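Structures follow.
Below, chain A partners chain B and then partners chain C, in two separate complexes.
Let's turn to the complex of A and B:
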């Protein structure tokens, strides 16, 4: 093991040359190589292949030797189709609504659970369960809750006299997307909750007490003391939620398959259907590349938020 | 709302002090009400799953519904767990496959993530930051992007319809978070501990095994739970890579079961329940580690 590889020892001067520095640290790479190698096989190759396929017209079977180069035709076909804009709008609504509401509900729970009371640990554990339950199981359970004839939600609404007959939640173009968003939020609000609960522990008690002495009310204390301390963890939480919502697949796919009439198709389900349903591999790949570009922009902020935390830790 | 200044003991948290003697506290009651509402939102679907699974098909399909099963029955569970009928046979297959794939993935993920996270935390080789964020970026991209090329790759490797294809894929999407979680743990273990061991004559490897590893056990447990839950619940790759019934894991198997028995809601709810039990129990038992690890990276120390 090279002796100069610890962070504590003085850094090797930059003018030493990259090759030399790599040589000095050669043994360090042995630790990360297994991870990098697995990732390379399963990531680098697929990404490259997707980009390549997006410029080809492909036969329906996966006999991809017969593909024909067609330049940017796949991209043109996507951007001019009406479905694309419909699906994009759905994706925007889905991502923003899920992220914002899940974050706010998680914040509310974190604040309410911050004070000690009997059963707090149990309550936190129960609220966390939806987050670990399989999305497939959750989708079926909610599909049953929403069932148009025997669903318990519809029955409860009728029982309370709100509607005459059970509403049809997921077979209706207007209600399907909000209904699915409710399911999505159910699964992920507790993720925001635990992140923010940990964040709340970093808020100094003295500051809150001092503010109280100075006559600040609960809202002022929250807005001027608690919330600023939560900014870092909130950034990370919102980004992680946004990325995972943007990439959602299981809930819409199992519950509606994108229907009725594309009302609940989001990008990922649409791409999946194009590829594995209609076997239009080239178009699906072009879609993936567009998605990739959008994610790169998100990824910039993601890395920035995560590395901000990383730098703080290194400096500490 | 301005309270009179009071001297509080340092251990008491800001919110812990009973303030009811000051009359009605809107914020506090609002918080309680909110928690009750969230509890209902969380629990009702799970409770209804359980109640439905205890009904017969006939009892489940009624309007208005039987809020409480009139004749609770375990017949749905018996059917799923009985190896002598075809449904039970399939279901036990799925259960076993899920267990096998998830356990193998978990073991491999820990084996690969531990050295990588340690290196990212301790060493400063060129490209360290780049590689670390390249690893993290993997989590940004949805499965669908990788699906077609991976399918072709797996066909080239002869892994289609094998559990190997799933384990290899799950490994890569579990690794980034595993490495991130573990790195957070290693960052918080003082390097002086290792240095002391090295001065006493231990090699770096010995210092790692005898000093760092025991201290990072909570992190490793958390990483293992995370990998296990991720692999247990994964759906899209399993759905695409496996077409043979005897290879399927639970999420895909349940979907197949449902597409054949579209109206057997109690059976489906029982299957969903059985599928949720292992991860929920695992999580509840070990959630202390899990929550700590997840927040270790996000909250600065």
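Let's turn to the complex of A and C:
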């Protein structure tokens, strides 16, 4: 496309280098302009409006249009609120544990499935099930599996004589978050597995064979040959998982609604409750702005990781 | 003595003294039915005594040949409702379309827990429906914010006296009426007589007081190893306040003074000794005695149904529809499960909600109201008022307000109690007389715009804080009172 445009370079003299480059690529810009306009409407405007709203008080007894400007009070209120720090800690634990464990589990499965063995295709399909099942349906199923009185897991543990009574998974402030993290990992490890299986296809077989001839053991082959080749895809996978977990709503909302006693609230569920349950649009917007900034930082590293892959290929 | 006879005997005496509670603060004189005579016998006596011409009446409000378009959202059926409710809703919309063939109706049924969120979001985008049927808790919030058009029974050919005085309070804000009650209900106490017998309790006698509920629950759990009382403490779910507030009021507490004869909502009482005592009772059942489902913190009432029908739960609070639902569940069971379920249905009993230590009996005066939106908040910017009034006239008529409340509630229009269908209900719905008899004990939620947050978030939060050990009972009650105070101050 660019090449095509360059052949039509006009004779108009251009003083400004940037303007000249834009003129040269005008056809490219024309093609992406509809998408940019749509994004301006559905992304940029809501972002701007959310930032604006974060500086207003929105009492539940007033309509939103009667909002009252209160400067940075919403941010101050958030940062001095005990609930904020509790929810932030939950979010960090949820995101970090879900991301790392799902990645490691996915890596293990990808490595195992990379080798030829009978039933590999079937196993690969089975391991993909958590990823293709609707998150809403999975949340309801897990809620019943975990049920504190009649859950299948509790009944199995009692039946096997491991415990006297069913463990309290989701009605206890100490066990609820780890229990939800297990569900999240179960759902996400397939994604990591698929990404890493694709990455494994790029590891040169001749290098692995040469290393084997040189006497490298399995760990050395993995660490010195396979893993360096997976670095790029691993970075992208971890960042995608982290962003997705930071924004994860369905599992905690459906299974516990953030309870009991806020023990499983993460930022996104807390924002939802503030906005739609309590109509604190201003405070919820301030929370959203903070979340947006954090996700932008993660997004920056994600784009950088992708660009690094492109640069490497171009260099090669 | 059968349960029904016993219930009738108790109710006869009890209902006479109940007339002084808050629901009756408005004069009972001039009502469509004589509320001062309210008793199971009176309800049976008036059933089938009057005929109503629904189509003729509504034709005078909006001619049946009127051509128009109407969008309508309603709090409708949910997963725990029996099939008869689904059938009646279907029949209503068929009847409306047959009566008003030129009104293009677009209706959407939304469940209780989702409706407020969806409606609030739609209002922010000026994409609300022209007409909405909201839970009783929601009307004041939207009226006070200016979203609703004034709408009174007179606008569709009825009078205020055709509806419960307490229900009319719930649709009134700042002296103006913004809606019409569609249905009103009070729940009752349900127990499994066989479990009571096995636990050494009188199988035909409901616990008289809330302290008895705590004691019975413990006795049942200790002797049989099953859950005694079906506590519900899920956050952001309407079922929670409907079950905890009767307990709170029974002990003499309240969020404000809503249980008093003339509430002003100016004094916060969530941290009063009486309110703390009520919370302590829940704490004793959940933490000290472990006699209620562990899953109470994430349970809604629908989650109590399976344990009850399988004989794993002895007591709960619910509507008359619970019996129909149990019959359905028993019908779906197979093998040994069916025998258990059939036995549970056979042993199902209904009684009055227990009293507090001082004999105070209270129950949430629940129900729904129907409203018309202002055009500026409606999708398309226009409201077809005649079409809206046609639908509202039919829904709030004696006939349909009764049929649409069939198994789960009672007609908002008191004339519904006089129809032949009320007679049919009394003959076919077991225990309907018990739940109907609770109506005079009904206390409406505070008529404040902040009421949904107080009832759906702050009260359940208080329970969860106490029951999980995140706070002591004292701390949880004080924390909740502070939150209500901050909320009334405007909060952030």
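As a convention for this text, the second predicted complex is superposed on the first by the 291 of 316 C-alpha atoms of A that agree within 3 Å, B and C clash if a C-alpha of one lies under 4 Å from a C-alpha of the other, contacts with A are read in each partner's own complex, and residues count from 1 in each chain.
What we mean here is this: contacts are C-beta pairs under 8 Å (C-beta built on N, C-alpha and C of every residue); 3 or more make two chains touch, one makes a residue touch a chain.
Nothing here was measured: the structure is a model prediction, and the numbers come from that model.
Q: A:277 contacts which: chain B (first), chain C (second), both, neither?
A: second
Q: Which partner does A:74 contact after superposing on A: first (chain B), second (chain C), both, neither?
A: It touches chain C, and chain B stays clear.
Q: Of the two partner chains, chain B (first) and chain C (second), which one does A:32 touch, if any: first, second, both, or neither?
A: Touch status of A:32: first partner only.
Q: Which partner chains sit in contact with A:263 here, chain B, chain C, both or neither? Use first/second/both/neither.
A: After superposing on A, A:263 lies in contact with chain C but is clear of chain B.
Q: Is A:157 in contact with chain B, with chain C, with both, or with neither (first, second, both, neither)?
A: neither
Q: Is A:149 in contact with chain B, with chain C, with both, or with neither (first, second, both, neither)?
A: both
Q: Could you say whether A:60 touches chain B, chain C, both of them, or neither, answering first, second, both or neither?
A: second
Q: Of chain B and chain C, which one contacts the greater number of residues in chain A?
A: Of the two chains, more chain A residues are contacted by B.
Q: Counting only touches as set out at the top, which of chain B and chain C does A:97 meet: first, second, both, neither?
A: Neither partner.
Q: Give me the intersection of chain A's contacts with chain B and its contacts with chain C, in residue numbers.
A: 62, 64, 147, 149-150, 166, 276
Q: In the complex of these two chains, what residues of chain B are touching chain A?
A: Checking each residue of chain B against chain A gives 1-3, 5, 8, 10, 13-16, 27, 31-32, 34-35, 38-39, 41-46, 48-49, 52, 60-65, 111-113, 115-116, 118-120, 122-127, 129, 131, 133-153, 155, 168-169, 171-172, 175, 179-180, 184, 187-188, 191, 195, 203-205, 229, 232-233, 235-236, 240, 250-251, 254-255, 258, 265, 268-269, 272-273, 275-276, 279-280, 283-284, 287, 291, 294-295, 297-301.
Q: Spell out the part of chain A that touches chain C in their complex, as residue ranges.
A: 57, 59-64, 70, 73-74, 77, 143, 147-150, 166, 168, 170-173, 255-263, 273, 276-280, 282-283
Q: Contact residues on chain A for chain B in the complex?
A: 1, 5-8, 11, 18, 21-22, 25, 28-32, 34-36, 38-39, 41-43, 45-47, 49-50, 53, 62, 64, 105, 108-109, 111-116, 123, 125-130, 132-138, 140-142, 144-145, 147, 149-150, 152, 155, 158-159, 166, 186, 189-190, 194-195, 197-199, 201-202, 205, 208-209, 212-213, 215-218, 232-233, 236-237, 243, 246-247, 249-250, 254, 268, 271-272, 275-276, 281, 284-285, 288, 291-292, 295, 298-299, 302-303, 306-307, 309, 312-314, 316
Q: Which part of chain C faces chain A closely enough to touch in the complex?
A: Against chain A, the touching part of chain C is residues 117, 120-121, 124, 141, 144-147, 227, 234-237, 293-298, 306-307, 312, 449-450, 453, 456-457, 461, 464-465, 467-470, 487, 490-492.
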